[in-house]
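This is the structure I have questions about; it appears just below.
Per-chain residue numbering starts at 1, and chain names A, B, C, D, E, F, G, H, I, J, K and L are given in the order in which the chains are listed.
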Amino acid sequence: MKKILIVHGPNLGLLGEREPKVYGKTTLAQLNALLEKEARRLKVELKIFQSNWEGAIIDFLTAERKWADAVIINPGALTHYSLALRDCLSAIGLPAIEVHLSNIAAREEFRRTSVTAAACRGQISGFGVRSYLLALQMLADMKK
Amino acid sequence: MKKILIVHGPNLGLLGEREPKVYGKTTLAQLNALLEKEARRLKVELKIFQSNWEGAIIDFLTAERKWADAVIINPGALTHYSLALRDCLSAIGLPAIEVHLSNIAAREEFRRTSVTAAACRGQISGFGVRSYLLALQMLADMKK
Amino acid sequence: MKKILIVHGPNLGLLGEREPKVYGKTTLAQLNALLEKEARRLKVELKIFQSNWEGAIIDFLTAERKWADAVIINPGALTHYSLALRDCLSAIGLPAIEVHLSNIAAREEFRRTSVTAAACRGQISGFGVRSYLLALQMLADMKK
Amino acid sequence: MKKILIVHGPNLGLLGEREPKVYGKTTLAQLNALLEKEARRLKVELKIFQSNWEGAIIDFLTAERKWADAVIINPGALTHYSLALRDCLSAIGLPAIEVHLSNIAAREEFRRTSVTAAACRGQISGFGVRSYLLALQMLADMKK
Amino acid sequence: MKKILIVHGPNLGLLGEREPKVYGKTTLAQLNALLEKEARRLKVELKIFQSNWEGAIIDFLTAERKWADAVIINPGALTHYSLALRDCLSAIGLPAIEVHLSNIAAREEFRRTSVTAAACRGQISGFGVRSYLLALQMLADMKK
Amino acid sequence: MKKILIVHGPNLGLLGEREPKVYGKTTLAQLNALLEKEARRLKVELKIFQSNWEGAIIDFLTAERKWADAVIINPGALTHYSLALRDCLSAIGLPAIEVHLSNIAAREEFRRTSVTAAACRGQISGFGVRSYLLALQMLADMKK
Amino acid sequence: MKKILIVHGPNLGLLGEREPKVYGKTTLAQLNALLEKEARRLKVELKIFQSNWEGAIIDFLTAERKWADAVIINPGALTHYSLALRDCLSAIGLPAIEVHLSNIAAREEFRRTSVTAAACRGQISGFGVRSYLLALQMLADMKK
Amino acid sequence: MKKILIVHGPNLGLLGEREPKVYGKTTLAQLNALLEKEARRLKVELKIFQSNWEGAIIDFLTAERKWADAVIINPGALTHYSLALRDCLSAIGLPAIEVHLSNIAAREEFRRTSVTAAACRGQISGFGVRSYLLALQMLADMKK
Amino acid sequence: MKKILIVHGPNLGLLGEREPKVYGKTTLAQLNALLEKEARRLKVELKIFQSNWEGAIIDFLTAERKWADAVIINPGALTHYSLALRDCLSAIGLPAIEVHLSNIAAREEFRRTSVTAAACRGQISGFGVRSYLLALQMLADMKK
Amino acid sequence: MKKILIVHGPNLGLLGEREPKVYGKTTLAQLNALLEKEARRLKVELKIFQSNWEGAIIDFLTAERKWADAVIINPGALTHYSLALRDCLSAIGLPAIEVHLSNIAAREEFRRTSVTAAACRGQISGFGVRSYLLALQMLADMKK
Amino acid sequence: MKKILIVHGPNLGLLGEREPKVYGKTTLAQLNALLEKEARRLKVELKIFQSNWEGAIIDFLTAERKWADAVIINPGALTHYSLALRDCLSAIGLPAIEVHLSNIAAREEFRRTSVTAAACRGQISGFGVRSYLLALQMLADMKK
Amino acid sequence: MKKILIVHGPNLGLLGEREPKVYGKTTLAQLNALLEKEARRLKVELKIFQSNWEGAIIDFLTAERKWADAVIINPGALTHYSLALRDCLSAIGLPAIEVHLSNIAAREEFRRTSVTAAACRGQISGFGVRSYLLALQMLADMKK
């Protein structure tokens, strides 16, 4: 059974409450429930982690790198400057997908470049909570 | 029944033959067959178009904008400079998804920014032909 | 009788339908009718051409360079990157006026510079269809 | 009867004498006479003002903002750096047209961007004294 | 009674000891005492928090967002790169004031831009501990 | 009794009328009345000056540098390019506070840097007319 | 017998007529005749193609990639922005030489960088029609 | 007898008092006396003008352009941004020398480029009041 | 006996496992053992700390600043953006040496600048675990 | 009989030994022999010079400028920064061709611009030792 | 008796012959004769040195630093990139004046910045051979 | 016995005399004596070379590349622009260490990037003459 880490970066704890026009009305709890349900359907196992702390995310990825087969990560604003997170994604060597709720290409200038995506297999952005679900399906299909 | 335009930009006609380490071994014909098959499964209708011509792509999108409900587009290298294509995607007003076979965030500097994605709903990149299939599933699910 | 080429660049075929707040409600057919009417009044002859194709516009300008006395061109998004169009305008050596429906100086950063205007006599922007009419009057008055 | 402010920025007092290849041989007095004549023909009233002083221009626009219906302004070199003039044009809220005698897009790099045009309705450049006359006709036609 | 969060960012724990010519000789404990005293005078309630951890500051702001009416934050060096903190300040939706002990406009190039201030109501910088006190008076006066 | 110069830069004469969503509805006369009232309360003496002229502001500061103990200045758009004003503030050697009605860090790109603030003690921005009042209290408290 | 594609990009159809001081007086027909003559001498076979259309050039290169052993291309202004042409040259995998009539290093800033040359074996520029002839000799000598 | 305009730009009225380590202790009156004395020795006639107003300087140069044979100008901070002054120096067509008291190449980054020097014959900087005297000798020697 | 802090930044916990071609095969435990051994030989005392958390590193340096005489720090990816760490190194005022396992000057563009090194005495990079040992010898020799 | 200078810049003495994948296996002696042989065939006379010294190359070009009819120069790394060499090539006024063994457009970013080519007639790059031979043929054919 | 080094940088040996419109018709020998004559008049002693070699100039300045009281240097193109020469001028600690024959502020973009002038007392440019003579007078007057 | 080249770049001949606060009081002779003494202790053989000439350094490295096992180089100001030296270090293929007396990361902007370090194994900067000694120990330990 495939094992997947789901990482929610800074401020995703406020999902549903924070700028709903940009990020939608689904809360993080609801998103996680959707992910768990989809995981059961796809017969994959999840560990879900949210943190506002760059260091905590790196610790989590490092600690779980042996358990996991793949990573789905929404680095939040860390996308745009956390070279330490980028290095971590390279260092653990797991296939990773970067997801974003909003279409970062259509927002402020500083949101249009991602320093973390270069250490991932690919990127899915702009589809709200569906960005995560597509990534999950993608990884579930991937040969172990 | 939902109607979707699939647009393959410049040099995608050489798929399967062109730098297979970057773009994979599937040919465009095979990719289109996969898309048609998936479309039948999802009960959506497709019009597929490949062109090496920026103008032809704009003409196609303009001509089919009334027929279609949505667009999947891999603009190829036009991604990085075709403001005319960007304007076209804005002008026709259909929900569009930009897809890329390779993870453009991990390639040459000039491939890391997309001028067309700002006129799309979102972007899926890095999953080879699966990038298209995920986009198709995404649009099939979207409420008409 | 003076002979003038009118060139409408990419996406101007959607005029009237496309983002009417920015570009107005007049369709291209209506704009062309206005131009023909004004041309009759000013006793100048027109050839009008719209294309979404950079190459087609260059072909048209090249083919008609002997027939024409002057050019009015709205290069659309090509304004901002088509060095080939710029070279063409220089190469044919006709007096040309660049027109824009919207005030490009007040829009997105990338719309604030024109690479084609350097090969024209001047630029008129921001007055909707009146931008074309002013250019026409300007050229009609110019000594042949 | 429509009321229009005509503002000539720095160094336009030397018109006719200053680099005639770039700016033409018409003097400012002659230009103003042409404008007055055209205004009579178009049945609009003018107040004409030339100053080499950014502050004086702002004072003039501020003082006359209630009297006037519209503005024609050639900001001269202030075009490229006077954010104060830009703010003034925004603050008074009148429709304004920026005019230039020469085609600023074909001159030195620093003349290719306008900070003031963003606070105007549009821009006409490159037609010598005709740039002003076109602007006048344009404003005369505009509904009050 | 109005409730205000006071956040001291990285390295402010060393206040009084660290480069006293730039930051003054008042220690953080003394600054906090001044703030508490002023809060009693103004009849507002404070929660004061210092952390060298970006994540801890985001957690604190998130946790206290319901309790608080407003925020005073000195993000320290995070001012210049913490997009996560900026997003947090936007996400919690409380009126915030960014304060700095030193006049950041007169220091190294990299200290002259603030990525966090865009998510605040305003900024007060350069007045030593008085920057905080002014912010406190400002918020105390603001209608709840 | 402490003596303070209050300088309002270009376009502040239109306060209350100009883009009230950004700058508020208080007129300059009302602002000055508030400042005078507060000055009486704080027992400081004011000289207030508004000008749309960079040169006039420099003249005023130069002429009054012996009379005054401190300066409060809102340079308006001069903030972003008037190196002459910056040099003047350095040259007269008085403690100065730069104030802004709006939060310039949250507006257009070109408003985010201040060339004049480097010659001041500090900056207060974003609090409407309160920005001036805070600066006044600040200077009133400062030891002469 | 070696087979070589000769591609003339946008505006080269006007050769001989267009800015003769920069590009010389030889027409395209004369240049092609020279190339055919030299090809006979060198015993290589040519297919010559001129187009003002980026897409047409990509189509031509794609269609003839099996027939040809090598490519000589003068991309005209496309040199400086056509990433699609660059990708095409990489995709077809033939040895290519980029040629220019004029010395692009000594012209306008924007002509000094080539995005297409990186996908070629080398570049010959500045020798008028001789640039093509040298390239032809070069390829004729190359081992098949 | 040769006639020379001496122009002192913004803040030079404070010479001797302003940052004496950078600008020296000589006052403007003393500098002018030195210039007058040297002019008598060299048998040239001077008109000396100091202003903090860009516009006033342009007015002065424009008004005196017929009287004068040459110009010595220290534009102060206007050196770095006054395109209007640059245009004025070009427009009046007199030989001009730009002088600076301090060595601007060794000061802040923004002081290292001069937009006005391009419209002068040459530049002398770094020698305190001697910069003016050298310029005067230079112009006195020049053939009328 | 001299006391030295050794700080390993983000992702150094994966040493030996992470991209061994770049970082070598020595694990962090082995590196620390080497450092302890060398410290005994040099008769200096060490406190060694690894963290993926910028804030934790700042806390550690702050807490131990009185105990320690010097610092050896490998900030990992924080090297390139952690202004907070830079401020901390300045604030604690201890002599510090920045070390890197790899030669950062020969890697990706973003690794070629260090924001933290400016707050250190010097930098040693490119010698694998020897970078640390050299730093240790260096500090051991330094006069207390 | 035409006389040609051949200049090999820094590090070309190591040809054949230095990074043979980039620069080929031919030694400088072999290259020079090839050039001499070709020169005899073409009936031109050569002076060949290699130096690692920018100054020595300038001296050589200066000393031989009267003897020579033309120059072939491979400036090596000086291509990218030696403005002195560029000035020398302009100053001596001989037709010059810049040659490169490798295709500099496909290498590191800093190798993509040439400061010296602007002072040459043209550039040939990417063909190994053939770059020199083509240049030689080119110059031999040129009318004296 | 004051002792002054005169240094002529690369390509100044060609003076009189090289682009006479820019650099004048005086040869280096004639310039040196003028300098010697003026030196006798001013009772200063000269050592004059011309070299196309950056290193030779540094050697000369280093060797003569004890003998000399001051330096006049025209670094030619080294002005724009020779950080080694800049360091040398700083290192020897003599007062130096940078001179240029042409007005570098009015030439190509790359000639507008000087890296060497920051290590000099001042700069005189644009007056042909008079630039040197003014510098000489300047240094002769300076107190030893 | 290991053989090591020690190269001192421009202006290092003035060591001890030149800006002693930055570079220390040790002269080059003293430094070389220290290096020789340490070499004897470490049983390695040295050839030491100082030159202000880029070309001489390249010649020396080229000439001694067969004799030597490794290189220690302080390129002085050449560090920041000598691409020729960088190419030389790559070409000779010996392990090299770049050393600096001062901490270049804490000095002027232009000293913060090294173009030569990319061709070295590593860099040691900021420790005065100790930078060289550490490099020597490092190379002595390296397996031949």
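Points to keep in mind about this one:
Quick note on the criterion: a residue touches a chain if its C-beta (ideal position, glycine included) is under 8 Å from a C-beta of that chain, and two chains touch if they have at least 3 such contacts.
Remember, it's a predicted structure, so these values are computed and weren't measured experimentally.
The set of chains touching subunit H and also touching subunit L is given as K. The chain pair from D-F, E-F or H-K that repeats the F-H interface, sharing more than half of its contact pairs by residue number, is D-F.
For the pair subunit E and subunit I, the distance between mean C-alpha positions equals 31 Å.
In this assembly, the C-alpha centroid of subunit E lies 47 Å from the C-alpha centroid of subunit L. Among the residues of subunit C, those touching two or more other chains are numbered 53-56, 81. Interface residues of subunit H, counted against subunit K in their complex, comprise 97, 103, 105-106, 112-114, 117-127, 130-131, 134, 137-138, 141.
Contacts from subunit I toward subunit E in the complex involve residues 53-56, 58-59, 62, 81-84, 86-88, 90-92, 115.
Residues 9-11, 13-14, 17-19, 51-56, 76-78, 80-81, 110 of subunit G touch subunit C in their complex.
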